[in-house]
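Structure first, then comments.
Chain nomenclature is as follows: A, B, C and D, assigned in order of appearance, with residue numbering initiated at 1 for each chain independently.
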Amino acid sequence: MTTPFDDDHLREECGIFGISRHADAARHVALGLHALQHRGQEAAGIVSFDGARFQAHRAMGHVAEAFESDKVMADLAGYAAIGHVRYATFGATILRNVQPLFADLSFGGFAIAHNGNLTNAMALRRRLVKTGCIFQSTSDTEVILHLVATSQKNNVVDRLIDALRQIEGAYSLVALTDSMMMGMRDPLGVRPLVMGKLADDTIVFASETCALDIIGADFIRDVEPGEIVIVSDEGITSLKPFDAPKPRFCIFEHIYFARPDSVVEGRSVYDVRKHIGAELARESGIDADVVIPVPDSGVPAAIGFAAETGIPFELGIIRNHYVGRTFIEPTQQIRNLGVKLKHNANRPQIEGKRVVLVDDSIVRGTTSLKIVQMVRDAGAREVHMRIASPPTTHSCFYGVDTPERSQLLAATHDVEGMRRFIQADSLAFISMDGLYRAMGAAGRNPAQPQFCDACFTGDYPISLTDHWGGDEDQSRPHRVKAAG
Amino acid sequence: MTTPFDDDHLREECGIFGISRHADAARHVALGLHALQHRGQEAAGIVSFDGARFQAHRAMGHVAEAFESDKVMADLAGYAAIGHVRYATFGATILRNVQPLFADLSFGGFAIAHNGNLTNAMALRRRLVKTGCIFQSTSDTEVILHLVATSQKNNVVDRLIDALRQIEGAYSLVALTDSMMMGMRDPLGVRPLVMGKLADDTIVFASETCALDIIGADFIRDVEPGEIVIVSDEGITSLKPFDAPKPRFCIFEHIYFARPDSVVEGRSVYDVRKHIGAELARESGIDADVVIPVPDSGVPAAIGFAAETGIPFELGIIRNHYVGRTFIEPTQQIRNLGVKLKHNANRPQIEGKRVVLVDDSIVRGTTSLKIVQMVRDAGAREVHMRIASPPTTHSCFYGVDTPERSQLLAATHDVEGMRRFIQADSLAFISMDGLYRAMGAAGRNPAQPQFCDACFTGDYPISLTDHWGGDEDQSRPHRVKAAG
Amino acid sequence: MTTPFDDDHLREECGIFGISRHADAARHVALGLHALQHRGQEAAGIVSFDGARFQAHRAMGHVAEAFESDKVMADLAGYAAIGHVRYATFGATILRNVQPLFADLSFGGFAIAHNGNLTNAMALRRRLVKTGCIFQSTSDTEVILHLVATSQKNNVVDRLIDALRQIEGAYSLVALTDSMMMGMRDPLGVRPLVMGKLADDTIVFASETCALDIIGADFIRDVEPGEIVIVSDEGITSLKPFDAPKPRFCIFEHIYFARPDSVVEGRSVYDVRKHIGAELARESGIDADVVIPVPDSGVPAAIGFAAETGIPFELGIIRNHYVGRTFIEPTQQIRNLGVKLKHNANRPQIEGKRVVLVDDSIVRGTTSLKIVQMVRDAGAREVHMRIASPPTTHSCFYGVDTPERSQLLAATHDVEGMRRFIQADSLAFISMDGLYRAMGAAGRNPAQPQFCDACFTGDYPISLTDHWGGDEDQSRPHRVKAAG
Amino acid sequence: MTTPFDDDHLREECGIFGISRHADAARHVALGLHALQHRGQEAAGIVSFDGARFQAHRAMGHVAEAFESDKVMADLAGYAAIGHVRYATFGATILRNVQPLFADLSFGGFAIAHNGNLTNAMALRRRLVKTGCIFQSTSDTEVILHLVATSQKNNVVDRLIDALRQIEGAYSLVALTDSMMMGMRDPLGVRPLVMGKLADDTIVFASETCALDIIGADFIRDVEPGEIVIVSDEGITSLKPFDAPKPRFCIFEHIYFARPDSVVEGRSVYDVRKHIGAELARESGIDADVVIPVPDSGVPAAIGFAAETGIPFELGIIRNHYVGRTFIEPTQQIRNLGVKLKHNANRPQIEGKRVVLVDDSIVRGTTSLKIVQMVRDAGAREVHMRIASPPTTHSCFYGVDTPERSQLLAATHDVEGMRRFIQADSLAFISMDGLYRAMGAAGRNPAQPQFCDACFTGDYPISLTDHWGGDEDQSRPHRVKAAG
């Protein structure tokens, strides 16, 4: 969904999937990961267990390539498997950071896959290295592995709880041992995790419901914030080792990360986005000839906006889906050609018209600038930008790759300054309360916000130990680790 | 745009691009080919000329991969270049079939790229081999090369005209010699070819206008049916060596092949498709709750259908754009999961509703069946299929990969039989006259049809020499050759 | 030096090299490893340190391939580097077993490369896993890493000594930290390790002197059994943390492993082998027409044998040096062609003659059988086999890949039985005392043998804890671990 | 046998092999090519025929790699096959130049493999291109293909003879059609070609007898100069379409190219080389302590020299057989290390001694200089170089890659000048008559030389049309074509 040099979105940092007690476990995981591909395109991995041995395959690139080979799939035999997709970064990634991680511990094999980010991973890591632990990756997920390995508790579940009580941050995890599969979420439930089942009652964990759909599994329920769900020979067990969690689900999952056909925390992502578009129209409607989405993420909000205003909806920008992670090194001249590798204006729908562009968010603003320019070059009379989220003013430390604050356009410009930057005739963002209304609430509850909206408010619900703890790396803690 | 096991479209067989007298020729060709990627994903090639030598690079796969390497681009130095993209077949393709083809002829280097298909290539080839010609590929484009090589004419243009007079079929060609670039179309102009120019008057040829847009070139005009346009030091020359051509542009380019943001033969492809949707609504409207396109090709027609009927347009089917050319070998169980690798139902938009599905065409019908079933499984109350083209009853021999006639659903079923096959509650196709009306005509002129519509009518405007000529390979002539 | 299906030698298990305080460290290590390639062809690795960071590159295959890339060498910047080559096994090797191993420990980075084999690695590993250590490889070298990481001592040298005191086995090691390079050998000095210096006094460690020659370094001395040599800013320090070591250098290094141009423990390998040939001639001379070595390892002994007897030395068997690690899967018919992929009889030198074949050792006997047959097929009148080592009756557990004892021909046959097996007219091995005489001794001192000769005698000088310790894996302890 | 930056030999340009009427044809060809690997390491190819279709596989690199894959070998099914190995050049080679070449001609498929070089290929090529022939490679072998394709004769044998009558140069060829296999040599028989047969009477053609040995075939006879041998259902036919040939076999095949275990034109290569060494000793004997061959090509001559003089023969230079075609890009410092990547002095055999070095030839002299220096650095008291061929004063145009004349040391220096260049204490070459005596003649017959010795004499027995024909490329005709 993203490419290096002409995109300007926050990047989701991973999707996870697990299945247990199924003859064709790894193949189902591969399909589930394929449906979660939008959550991470950099690398993919599967660990399976066949009753005797654990097998792993990890590779850079898309799921379809990583698990294309018959031999690879045959090697991943077994009745239980967990998998992971990782997001695309600019720099090189090393294979040993690719999840799921696996280790032979004293009680047997242990595999784990993580979506989220630990905010005290570096502090824990320093402590563990001091006691003699050897880390093989820069992934914060490995911290969990060592905490489980060195725990003094007697069984794997107690060791895992012991580990979770020491970590801070946002995490949805699936884990696999020789006797059980586990799914769990942090106490605030920042990242998503759902349970589903196949017709034969096989239990599945997945980051989103679209990964249940692909294998024909029915949605059962969300794993609850702070809950550990254990699937074993003895059936399904639920543990809640944390005190009264106060859920703070990531509101940006609804705005951009999740697939529109997923149902997240009880709400259709597509419907939420349409509602945002309608709220946005009510708040910042304008007289225009055509509503054009910035594809693909702006489409549902644009449909909602168009329906609310009665202005026709048209595909005035066409996206080239063949843009991969690489292309010819652009010369300066070609760089000046701008955004066109990925997007092209559909001139006959634009020429001479007053255009409302609808996009999901503005991060650095560079892409918005190019899009506005492209639409103007195609002959638009006016260009009005409407954004389906509030201004993104703060970095995320909970599993989303955000630029440093100083690079966020909204951190350094007011709305009028942003309008001038992107050269639109008008610019409006949905209000914070409008956003919460689109989620079905009366508005944001400032005393106890219903979601994690730190990227819009700076209200961080989980402590940022590594970031504020006097560490020399504090300035960019989400970069020096490979997040899950 | 296609994948091996869950797609059911006709496949375009190539896109071409050429540029001359520009310092950065090959890089512009790579960009142009990238914009034409939808016309062929199997392989790509560029031949450039630097004033002294011709350089070539051809590779399997997408343009972005084939020309990613700095070294490759540096090797393609020169001020003139032509390029080609090739469609994806099921079987293996060999590199030596990848175009542009190049040969050192007696008068110098000659490179050629071809979109279309010759209908007397095998007959010509047999004749040429008898005289001692050695073919290095199975491509019918090589026939043109040998005809030029062995022509008794004195100069390259006369040799080329000599060759064109011997070939039958549909062809748009770009060619490059050490002194000129040429663009040309067959006398009926079945395949598209446009001319554009950059701000500095550099001349460009491309299959579609979207390839002009990506490099910021302005559209000049279509190359005319039967015209040869020559770009050289002496400027632009137009030759029309054929008698009174009667244009028969491929109507399916408008329905499916061309990109919606292209302007083809004077018409916006997006607008034509919306008009088809509106005509379809007028001809076969129905009471329903939601209009859902089969993405992506059905979207403009669905927008037109929705606007005409007032029924809301929703993205009720979500397409996974990460589907590549390969995936894990499906087991039977996974095969039974059906169409879901590529498409997923957006259940909340479907459940309990009467759905109108809009698609561009039905070929074998197998995908339509799966789509209807998927929509029903997602809870649709009724499923009505509306098709933005007439029934596809005949194979194409003019550059489009079509199944044998016996596999075309419309060749063996009437509309009611097709409806039963795909298990829809109702099925309607646009009428032939409705289609021509959407193109801006009063209707089809049976005496002199304005387009090539042989796939709907069996009215083949160019003779099928190889097919009917008593050849042992006649049964599937479009398969045994590698078409351009 | 070995190929899967037509060789029958013991295999050396690794070569190591280190250099410190040199601007072009990694490139010198690559050259040194190239000279040590005969000690391991499976994989190669280098870890370098540039004053701030450690860099590693490891790859399957030969040194020349692994370090061919400019980019790889540029990434290995730094003034200190250590490297490792690994022997070729039949099965798959995984990259994470390739040395040098590296870890970030509490005191900083620590890299280590190992030639030899630990005989209590599995026992130590079980203990370490119980305390929470996570192993990332199956290499016994990683045991040393974890012992250093978890040692309670205050500095790296004390931690290392702490670790060495816990391990049993044969080991020559080079290690690298951010402040020093270390070379060390086990108390018996089973595996070789030499020190050399460049003209600018740069210190180098290497398994053999031939690796000094390639970079133009002068030999200083052998690292002594039980010695740790430390190279740091403060110069060269020697530690001897073990009590009175009684050296037992591996005698097979002289017979086969070491390169003939190396000087090992004060003796020219080439001269030793010639002396063995001469002793063999004196012990088991015979009337014949020609002395033919089995190339290449039998050549020096054959020269010695020929000189001693006056029988002409001829290259009667030609070796094809293009035999790589792979070849077309042999059909049964081709398998029957025998040894010829690698060796061919030089018929005119053999036909009608009484031939003395000289080889270094007999392991399974299968190759000897084929060689004898090939020489007979080429017309030899008589074939007399002379072996430059005593019968190999026992497996090695000290870093040499030996078949299980039951597969050693000499473990199950007396000399006459062996002669019948290989179908020679006569067969003789050098005597144990003859071998020691060739080494410059009066004979073998049974009370305190001067060398480790366990493969000929079963007199194992280091305890075999894993092998005899009641472990379920005991039967083939040298196989379940990846030895250094 | 060669590497880019530390070797200084002439390079053989190809080996060929063919087999017909054998169930496992391609596998036998792969084995035969493996035995001929010393004649060409750059690329390898096989074309097979299964009674219905021709199959080809060509790849860069060694035979063992090129034909390692089961799939590749399975695709090469058939009862007849021919193959080719190509020498290693410094520059890039393109796959389409790799032989055997194949074409579908009017009479059916035709495959051909060529060892040698045509001296009028460019003139013929120009003529053919003028008539409309399209060349796909730069190989002179393709000229033969086009001559056969365009011949007016009625059958393939007559067409081939027609072609051979037009070409000039040195060539040994094997060809394959759907009904016959053919082996043939040019009228002077410059390049070798032998016939052999398997126990079941299957006929085999090969460049050398060592390729018969590997598959257990018996030598029948050399294909004669100017002879075409045809193997078909009707048995073996011999045609001699040329007038009275006067054989001029390449004498350098004996000196360096052929494998020592081959029997070439009735003589054991190993014996010839020993005889050369003995002649050399008689002509230029010297008082010394040790005779040391430059490995591997100098070994037999050194053995002959040592035997004749009574001076001990020792392996004083050890060759590293792991030197491949690539290595780390040498820095200047490493380049100064000299020849040592491939050779190392065995110091204890050299120190304090008067050394006779024996090598096969001197081309540029750069390697000899390094070898002499290396031996001196190892402590030699005196270094006397003896060369087993006369001074190489002229380039070869008959299939051997030679530097331009100006780069041949012997073309610009007399023997004393050469001695000073290589810094030896003395230098001697075998005399021309001495060389002929070693071949069993009384001496060279100047009126009608028994061999082609143009590289020593400039007496070119075949006209050099391309070289002298006024062509602009004439200066380096053996470079601009890809020779067979």
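FYI, a residue touches a chain if its C-beta (ideal position, glycine included) is under 8 Å from a C-beta of that chain, and two chains touch if they have at least 3 such contacts.
What you are looking at is a predicted structure, and each value in this text was computed from that prediction instead of being measured.
Hopping across touching chains, the smallest step count from subunit B to subunit D is 1.
Chain geometry summary: the mean Cα position of subunit C and that of subunit D are 37 Å apart.
If you average the Cα atoms of subunit A and of subunit C, the two centres end up 51 Å apart. The geometric centre of subunit B is 63 Å away from that of subunit C, both derived from CA atoms. Taken residue by residue, subunit B touches two or more other chains at no position, since every residue touches fewer.
Every pair of chains that touch is listed here: A-B, A-C, B-D, C-D.
Against subunit B, the residues of subunit A that register as touching in their complex are 1, 24, 27, 30-31, 34-35, 37-38, 41, 62-65, 67-68, 70, 73, 210, 213-216, 259-261, 263, 268, 270-271, 296, 299-300, 303, 307, 312-315, 318, 320-324, 326-329, 331, 333-334, 337, 340-341, 344-349. On the subunit C side of its complex with subunit A, the touching residues are 96, 103-106, 129-136, 145-146, 149-151.
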